[in-house]
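A, B, C, D and E are the chain letters, set down in written order, and residue numbers restart from 1 in every chain.
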Amino acid sequence: MVPVQWYLLLATAVFCIGLFGILTRKNALLFLMSVELMLNAANINLVAFSAYWGNVTGQTFSLFTMALAAAEVAVGIGIILVLYRNFDDVDVTLAREMRW
Amino acid sequence: MNQWIAIGALGLVGVGIPIGMMVVSALLRPSVSEQGKTVIYESGEVPTGTAHVQFNIQYYMVALLFVVFDVETVLIFPWTMIYRSALEQGATLGQILAPMLVFIGILVVGLVWAWRNGAVEWVKSPRANRAKTERQS
Amino acid sequence: MIIEALIAITFVASMAVLLAPDEWAGRLAAALSLLPIVGSLYMWSRFDATGNALTGGDPAFETTVQWLELGGYTLNWHVGVDGIGLPLVVLTTVLTTLAIVSAWASIDDRQSQFYGLMLFMEANLLGVFTALDFFVWFVFWEAVLLPMYFLIGVWGGPRRKYAAIKFFVYTNIASLAMFIGFIALVFGLGDSVSSLDMPAIAGALRAGELGSLFGIPAATLRSVAFVAMFLGFAVKVPIVPFHTWLPDAHVEAPSPVSVMLAGVLLKMGTYALLRFNFTMLPETATQFAVPIALIAVISVIYGAMLALAQQDLKRIVAYSSVSSMGYVILGLIAYTTYGVGGATFQMIAHGLISGLMFMSVGVMYNTTHTRMVGDMSGMADRMPVTAGIFVAGAFGYMGLPLMAGFAGEFFIFKGAFESTVHAAMPLFTAAAMFGIVIVAGYLLFAMQRTLFGSFRLETDYEVGPAPLSETAPLAVLLVTIIVLGVAPDLFFGMIQDAVDPLLEFGGDLS
Amino acid sequence: MTPLQIQLPTWAAVAPTLLLGLTALVLLLVDSIDPDSTRPTALAGVATLGSLAALAVAGWYLLAGTGQQGGAIELYGGSVVVDGLSLFFTVVVSSVVAMVSLASYDYLRDRTYQAEFYSLVMLAATGMSLMASSGSLATVFVSLELASLPSYALVAFLKKNRGSVEAGLKYFLVGAVSSAVLAFGISLVYAVTGSLLLSDVASAIGSAGDLVGVAGVGVVMIAGGFAFKTASVPFHFWAPEAYEGAPAPISAFLSSASKAAGFAVAFRVFAVAFPIDAVVPMGIDWPLLFAVLAVVTMTLGNFAAATQENVKRMLAYSSVGHAGYALIGLAALSGSGPNGNVMGASMAHLLVYGFMNTGAFLFIAMVEHWEIGRTFEDYNGLATRAPVACLAMTVFMFSLAGLPPFGGFLSKYALFYEAIQGGFWWLAAVGAINSALSLFYYSRVVKAMWIEDPTGGFDLGATPLGLYAAVMVAAVGTLLLLPAFGPVVETAQSAATALFA
Amino acid sequence: MDGLLLQSGTTTPTGTANATANASAGGPVTTLPETISGALGLSGTLGDVVGGLLGAFLIANIMLGMTALAGPWAKRKITAAFTDRIAVNRIGPFGLLIIVADAVRLLSKELIVPDGVDRPAWDLAPIILPFSALLGFAVIPLGSGLQLADPETGIVFAFAAASIASLGLVMAGYASNNKYSLLGALRSIAQNLAYEIPLVVTAASVIIFAGTFQTSEIVAAQTETLVTIAGVAIPGWYAFVNPFAFVLFVVANLAEIGRNPFDIPEAPTEIVAGYQTEYSSVYFVLFYLGEFIHIFLGGALIAVLFLGGPAGPVLPGFVWMVIKMWAFFLFTQWARSAVPRVRIDQLIEIGWKGMLVLSFANLVLTAILVGVIA
């Protein structure tokens, strides 16, 4: 058996990788991927601790997380698409019509 | 857990066989550099423009629909698994079937809307294209 | 229910006027504003209050309805009038109608909004003078500021924006200071009060039930709260050195608005000082007697001196208001029947007289389009009636006997000389009396320059007598002033009745 | 009145939420009948009626004491809870949605994708109402996303307008990150407690043992997720952009309803799942966290608002500032204090805010409809042409600033007052100072409309009836909430007290 | 659903991950790695690894053998039979040695790397395709104990593994720096997306009967006798129980593996060869290999879900399984010769307007019928 703390460490590592991607990447699509990493870090935790606690709550919730992640990507790509049409790029720092 | 060791082993083999074939081929095959050979194929003409052409928005609409429905199947699957055993254990149809019917009903409303708004309509002509997908202010 | 009806009618009238077409908004407003007058006179006729509403007296037309409960404190709709409130209610209703009528000639832009705001302001002023629950009072108190802000800002003179913002910022910051001071007091009372009812709080404070708050001892808390509230109201009054918004507001405001500002709004400050600082914390007030009296005297003298230096007639009247308000403060701190009663009477008298002065300046301005003393001369030739009333008003300001101003100032001086709050009070009184001389000086000087001599203003328009709609209010006001001067007991009786109870407190008056 | 539970089946307790969701589906179906033609009247009518129906049912339940007398109604194993808090916020959300739908009738005139607009609004409203009823962290996350996803699309609704697209992008980016943070926080809390049900989390978190650090990180991350929804520091960056770029009715919707829903869920989660008595001794001092956030949020929002030249952006920052005020409801809590009263006052403030802020943004929508301009200067002298609308805007501005004759004064007063009662006088003091500062920039709008001279003629065109009606409803609501504040705050405080019971 | 999500469960840590999985570890059948490690006398993790590797190698080679037979030889023979030609017959008996010849020929061809390809992706794509198809076989019961693993999530895993192929196709199309390739990749994605859902939903309707995802259990559930006609016991294969779902699944499967009439990702007459336009030599072989293994995987899935898996009279299970898979292969080749290719817009319409609706109708009807009968 893999000790449950390792899952925690793995999830944290994945989360931090995602966070790093968000902070360093300017491409909107890479940004989306980083967010997916972060959400999947949560899923790792949920599934691992679902097994640890012996109930299925975490597993079931991870299904919902996946569904929502997918929906989020769908909306996100739609927005990125209109971004591309308006700004001719998917660089998130280009959109500077308004003061940040 | 040993199940997954076996599956992982198959994964390894699945990667190993193609790589092995590549290695064998690399040892066998000749390499004759010759100008013009590496030009990409465009029916024999000199290639023009970038290969990353803008493609039809329809591909994206379909992808969006897929994301929605595919993810819903994730939620349908656990239900199918317990459906029969739940019935055998005395759950009524109202408890076990009705929620899923509502769920699918909502999905169907979405599908009908997407259908009627041309999300699953492939382009037929530029005019139809304008009427269906460029409908905006 | 009469008070609720009075306020509600005025509110409804303001809405009706706001939606009326511009052509007859002024007439409609004047007609509708007669209703509050009738109501207030009816109240006067049926007035049966005894004592001071805040010190256990029995106010007239009292209503209490529970409004809402907030963390152990009940907020009530509690209104009623006593001998201090009623004269101010009557003053408000009368002066509003006169101001509206006098505006007919001068306001020709966005009239329905102008008259609607005037009536809206009247409704809230009535609320201020009748409310007996702090919360209700505060809501009305703040609500008065909004129409005033617009009235100055929209219909004012060239620098109206500056004046309006200055007025708004000064008074709102003052309100905040006052609010915090008062709420600190309420919290300091702890469990001894369970509502923001002003009589209840006043009773508890006078009974010395103030405890410590956040570790601040009661005595310090009382002093700090007193100062905060005093500062808050002093801006409104205004007292030197918080007076700087007043000349700007007066000069830029159209004359009818100046009438309301000087006539009623300044009285809100003195009224609140009387109701809060001097009724609820009499001991603290007597502790601070010297600085307060000093400020009062400085206001009198300094205000008069500033008036002496002005060229603009409106500015002169505005600074003289600062001076007059100094007398009121002096009367209040005297803590004698005549002192406090006279101060209250002076509020009424000054309201009428300063209204008269601003109105007549406005009439002259409407005709000549200037207010500069140096520009005008010989106005008595061209506008004899207006000039006559102006002279009468000026004499009222100077305290000519048989005019209301005389009665007010006389009572104040009498009360101040009798005062025992501090040994130096007679000295302060004497110094304040010197202010009268300055007032006489600058008013006579101004009159001499503007009214008499030969007419030399060169205009391409006819300068002649003012229309009836402008002179009639002046005449009404003059008559009222004289009536009150001849028979001050019309109000002074009830004022005395309301003032006496608040002089009885455990503090040391020696 | 007989308790409702006896008269109706239990599932009917979520009827307001269901009504909102059904309205969204009906709108989609209406659009499916003939997608090529737009029927603004039918669509706006359906949306408005649906939200009014939800409002009516929620209001009826609230008055009838559903879920308040005899404890909260728990549905689906406790994952959905109907009690005073949820009904109260459903009332807030549905009334805002009703106003927004009414106003959108004119705003969307001659635009396409109207049905999509309305149904997205209704779906987001469903999510918001569900947020208020979440009894489990799973429902919290799902409903929060249900509210967020349509909002992203709505902000970017004007897809040829670069501002709108940029706003949508930024809103989405921050939203995606914060939802990931929230999900991770939930997973950490689940790791420690083994449950997602709020009540079970509460009973299990006390025995976190070695994992108290993990639990603390989880709580902080959950707070971060809510900070996004409520536009509070540190996830407030999106707010000015999104509110400025979005269609004005959507700005109204997001800044009022969405914020209220965010607070609803934050109130419930933190009050129920992380009881102060249990977690603060462990070192997870979330009231302190929120106190710091409240101070920073209100100060930052107000100071930024004071420097703006664009009215909509000013309102956007002021909305951040108001989030800071409402955060007092989570900050001024202590183990023994009158927690229900503080939180209830915050709830009441959010209701009043729902009316006045929606009204203000809808007025901006009207101005955009007239194509007047966006800066303070562009508003100069507007009152000469549209006095009634400007009067309403004046009411909103002064109410937002907290001037006495309006609902905003009482709600702010109640909030600061209860904070002082709870012993957090410094929070109230910061709030009061900020409130005084806010008067400066709110009065600039009023000054521009009434006092400044118009720079040019206004060509306002026909009167937008729906917008006017919505603005008037908001104005009347703002005014009426002054005398009617008593029952509102009592309901809110009893609902909040029930959470801490 | 509610019960699943909301049951608070025991809040004491059990410490043993998925206790339920362990309870049924190994399932009703003995898997191939267990057999091998048992035969070798190994146990523990080492036994798992060695057994797993050997078993995986065996399964992969079975598939490679079948593909080698099908690709260069059977395909030509079948097509020739349809068009009344002879096809390969020169080398070896029935021309069978063409397999060896072709393999040598293709492996020793020069690999041409076109200009501007996206190198890592371009190289990885040919690996992913066969990998994905082979991985799917990990859970397929090939009969006679030839099953590599039997996890609880068996059939879902098979679908998931098969779907990875789409990734390879997109990588190939995108990395090739060729317009045809890109279009082909996009088409394949659009097609996979459109038919994936009907496929999965139809599978779900079968799982309603079986009540499990475990492939061995699904197969076991089909052994019950459905009805006895003239003394012959017809087994309860789901193709008989729910023929409608069977038809839907076969059609969707055709599209999923990109065979006629749904071979528009390649569509030689329209876009040359789609995503594989720029590939040659061993890379092309790998694509070809992957596609054929996919066909067999599709056949295996049909067999497991609808045709009772390796079950059948007289012959051993493995033989029956091979027969069923080859039957599906024959069906695809028949379709290739007999059915015209659909247009892309027809494809999308059939997928979204026809198959999806029908599959949902099938799911709902099945659920209602099962519910009413139960």
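The rule is simple: a contact is a pair of C-beta atoms (placed from the backbone, for glycine too) under 8 Å apart; a residue touches a chain by one contact, two chains touch by 3 or more.
Just so you know, these numbers come straight off a predicted model, no measurement behind them.
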With subunit D ignored, the remaining chains form A, B, E | C
So the chain most remote from subunit C by C-alpha centre is E
Closest to the centroid of all CA atoms, by its own CA mean, is chain D
Chain-centre distance (mean CA atoms) for subunit B and subunit E, in whole Å, is 15
Rounded to the nearest Å, the gap between Cα centres of subunit A and subunit E is 30
Between the Cα centroids of subunit C and subunit D the separation in whole angstrom comes to 43
Per the C-alpha centroid definition, the whole-Å distance linking subunit B and subunit C comes out as 79
Contacts with two or more other chains occur in subunit E at residues 2, 4-9, 11, 13
Residue numbers in subunit B touching two or more further chains are 70, 75, 78, 115
Residues of subunit D that touch at least two other chains are 138, 159-160, 194-195
Listed in rising order, subunit D residues that touch subunit A in their complex are 137-138, 141-142, 145, 149, 152-153, 156, 159-160, 162-163, 165-170, 172-173, 176-177, 179-181, 183-184, 186-188, 190-191, 194-196, 214, 237, 240-241, 244-245, 313
As the complex stands, subunit B meets subunit E at residues 2-15, 17-19, 21-22, 24-26, 28-32, 37-43, 51-53, 55, 58-59, 62-63, 65-66, 69-70, 73, 75-85, 87-88, 93, 96-97, 99-101, 104, 107-108, 111, 115, 120-124
The residues of subunit D that touch subunit C in their complex are 338, 341, 345, 383-384, 387, 391, 394, 398, 403-405, 409, 414, 417-418, 420-421, 425, 432, 436, 439-440, 443, 446-447, 450-452, 482-483, 485-487, 489-490
The subunit C residues in contact with subunit D across the complex are 18, 67-72, 75, 110, 113, 124, 138-143, 145-146, 149-150, 153-154, 160-161, 164-165, 168-169, 172-173, 176, 180, 183, 187, 214
Within their complex, subunit B touches subunit D through residues 106, 109-110, 112-113, 115-118, 131, 135-137
